[in-house]
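For clarity, chains are labelled A, B and C in written order, and residue numbers in each chain start from 1.
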């Protein structure tokens, strides 16, 4: 069954209003026309006269080297989420250059770090687009940073292909004002609403076999998990799973004992989690405290194939959703990319790497197809593009659909992207552990094992 | 769903011992040296990461790591005192500014060198102990060790010659020097001791939770609250203050909302400052 | 009376250092033109934005100096007021649709109230304890923001409120908001200079010197100290409120509430010269521009594999330590003294020649060494 993203949940699919929690922020976004402003005629007059000093070019095609602007949270191998974005973009550029570049030009990559701060992200974005005049930008892991960039993207009118941030609020902005925000695309991951839907899919298909009849939902308190919470709250019960409790914990939480006490007290079989910015502390304490429940969900730190060594095996039997793994052949490009990345960096990438690589490759292909570097031409090309990337078939929703310019989520995996699920298992020789894909069946190389202490 | 009281109390009792360890170093420097060392939290972090590098990266046993957690922060404190503080120790505000800036520098260096992901430090003792619904052996060990160390300190301060010299210096440097005590050397001892304690606390904290570049911030704030509550310069006050704050923290987190971590102790601090700034066992500090 | 006022305002009769200041202000006013002249294309726009942010940091530093530089009550968490002004204004605008200008005014009022709440206990607490309260207050606020993240957005803040002025286009936006910032900067500078150079300012300085003497002369130091806090908080809150209504800032802890913000402001004022207002403004602007330029340096430190750009905070911290040792009176005072020596004038300092930093420290010395007789 091809799932084009329409959920049969009574039509309530705005994706960002958490039921029962009055969220000032989302109610503002819903009433975007409630904008009052002062018109400072005097200031504008002065500015207009000063404006003749520096004209800004919008929509002009850049020339010379083909520049890719990358915005990432942090770099350095000790920061795998951010580093994967930067190094993957560089890898893509190297491969493109080895094949003659793009439209006859060499590809260059310029990386700037946001430190996950919205204002710094915006300043760095402006440096990339205004000062360095890049062709397009990619990256951005933190949803709060992305949302702060949307107006800048609209103003600079250069394509941005998000690699990492999952908030559906971005695509909702396109629904309200397509012409203004049409330069934004999300190459991955599928947005948080679909991430949640995929979690429910996984639950429906597997929980009864896994022995997870009742779960406690534990999500980190950041923008991206709000739609996830909403989907889980509304749909897990229909999938036959009892929700024993739900908690949003502060990202900087350093002591999970009381939280785990509550999970244990609720009698849940597992903690069903959504953790991206945080998560290491949670799983390490879970392992040290030997809690009598299982642990799984979306756990980005655990996606790192070398994670076992980093946490002394605390991730054993942990389950996480992922975009791809170095061994799973989602497409013919997946494994070669992962190996090439390892060759370049020394470690395998996390999910953001696959997406950033795909973004650069797809944009280059679109520019070649359109035979133009003008952002408007490439936008048109991308909208109709169906590109084989490492994560699956990359297509984008159209302007009249629920989530314009968001990557298409396809449950069957045939004509869109679909996350896979893996579990960490100790190696048989007793030395370390490794990831085993457990779902979907076409990609699985093993099945779920219950932790021995549960 | 209410958590069983015994579990919560056990948790509180154990965490409070660790808080006391953290606060004692701070109160020593404040009581003896007369300055607020705002780099105390960073010292805790240095301790944790010293242990991490020795035991996880270089592969030695965690007990060797513990040694590193004692020595490296102690050396750092000594260097800080000798290099920076001694010159300006007459000016407490400058000390506050300098130590605060030092703390930021240390945090940034660790963040750059190590990254933003938390570091895992092995437990000193693995497994569970069947008391009060099951507690981690590591926590029990930390609890025990903390009390032993505090006890040793109390004994040392009150019954050994050097300890008494430190006590004397905290009361009157002139009087102390009249009997041949070099106040400068006593300050150095105090800073070294405080550094060692902070480092050990960092190791304990890191092995129970995880270590990260910003892990020293909440211990620093806790130290304020505890030391102000307990009274400046009073070790006994710090221990009692640690238990009060520890229980308050644990009960708030367990029964009210776990997101309120740290808020309870901060509010207590402000209330104490407004109502009774000299704390429970300290000296007069308002006009 | 009017004679002295006009003579005060007549540029030609001002002391040299004030004439230089006026010239600097005029030059600053024409920044967009310099930038357009010096840099091709849109590069200059980015620099104008950097300077716009620097103006706000200068305003923050001035607000700190107006209380801590003058009364000697050192505030270690001045970001509290910036955050209350900024968040307050943003929330009013986002949540209840209050127009930006009104929201800014209300945000400022909120910050003033906070200043009152901090200032009143100030009457009862001695130096370091007051500083401790100021250190802790923003931490409490941050915890509340994290606890009620549904309202306050937690560690990553809330989305941007409406801009103060509607603009279209990157260039126009840059120019307009530069002048908004500049106008506010001049206003705050003028107000603070007026207050501190007035009789009230003299009382504040006197309180720093010897509070008992002030009380003995029949004035109530408590009233003046509270006034200083409220003024400082209002100015800081105003700057914070306007800041979030520009495209240069969003209501996030990292820009308004973090400890680094409070420290940056202290460093700026101390480096520039505590107790001068102008020194604080200069210090704030310089630090902001310096850090921003540093964050763009790509040079990789050999052996560490880390680019200098990521180390900007470390360099800033270490550099500050060094300068604090070398120039305890701050750069501005050093500049004026050096300038005086250069020009050859021989002015005797009316306050006994000690800098505000020294006077404050003297007070604390007595406090801490209370029981000691050295």
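Note that in this section a contact is a pair of C-beta atoms (placed from the backbone, for glycine too) under 8 Å apart; a residue touches a chain by one contact, two chains touch by 3 or more.
Small disclaimer: the values here were computed from a predicted structure and weren't measured.
Novice: Could you tell me which chain lies farthest from subunit C when each chain's centre is the average position of its Cα atoms?
Specialist: Following the centroid criterion, the farthest chain would be A.
Novice: Looking at A-B and A-C, which pair shares more C-beta contacts?
Specialist: By the number of C-beta pairs in contact, the winner is A-C.
Novice: In whole angstrom, how far does the Cα centroid of subunit B sit from the Cα centroid of subunit C?
Specialist: Inter-chain centre distance comes to 33 Å.
Novice: Roughly how far is subunit A from subunit C, going centre to centre by Cα mean, in whole Å?
Specialist: Spacing between the chain centres: roughly 39 Å.
Novice: So which bits of subunit A are touching at least two other chains?
Specialist: 76, 221, 250, 252
Novice: Residues of subunit C that touch two or more other chains: which are they?
Specialist: Answer for subunit C, listing residues that touch two or more other chains: 146-147, 306, 310.
Novice: Can you list every residue of subunit B that touches 2 or more other chains, as numbers and ranges?
Specialist: Within subunit B, residues 112, 259, 261 contact more than one other chain.
Novice: If we count contacts the way the header does, which residues on subunit A are in touch with subunit B in the complex?
Specialist: Counting only subunit A, the residues touching subunit B are 74, 76, 78-80, 221, 245, 247, 249-250, 252-255, 257-259, 261-262, 265-266, 280-281, 284-285, 288-290, 301, 310-312, 314.
Novice: If you look only at subunit C, which of its residues touch subunit A in the complex?
Specialist: That would be residues 32-33, 35-37, 41-46, 49, 91, 94-95, 97, 99-101, 146-147, 149-151, 153-160, 162-167, 169-173, 175-176, 179-180, 247-250, 252, 254-255, 296, 305-306, 309-310 of subunit C.
Novice: Can you tell me which positions in subunit B touch subunit C when the two form their complex?
Specialist: Its residues touching subunit C are 34-36, 84, 87, 90-94, 96-98, 100-102, 104-105, 108-109, 112-113, 171-174, 221, 224, 228, 257, 259-263, 266-267, 269-270, 273-274, 277, 283, 285-287.
Novice: Where on subunit B does subunit A make contact in their complex?
Specialist: 1-3, 7, 11, 56, 112, 114-118, 120, 122-123, 128, 136, 138, 208-210, 212, 214-215, 218, 250, 253-254, 258-259, 261
Novice: Could you please specify the touching residues of subunit A with respect to subunit C in the complex?
Specialist: Residues of subunit A touching subunit C: 18, 21-25, 27-29, 34-40, 43-44, 46-48, 50-51, 53-57, 75-76, 113, 116-120, 122-123, 126-127, 130-131, 142, 144, 147-148, 151, 155-156, 221-223, 248, 250-252.
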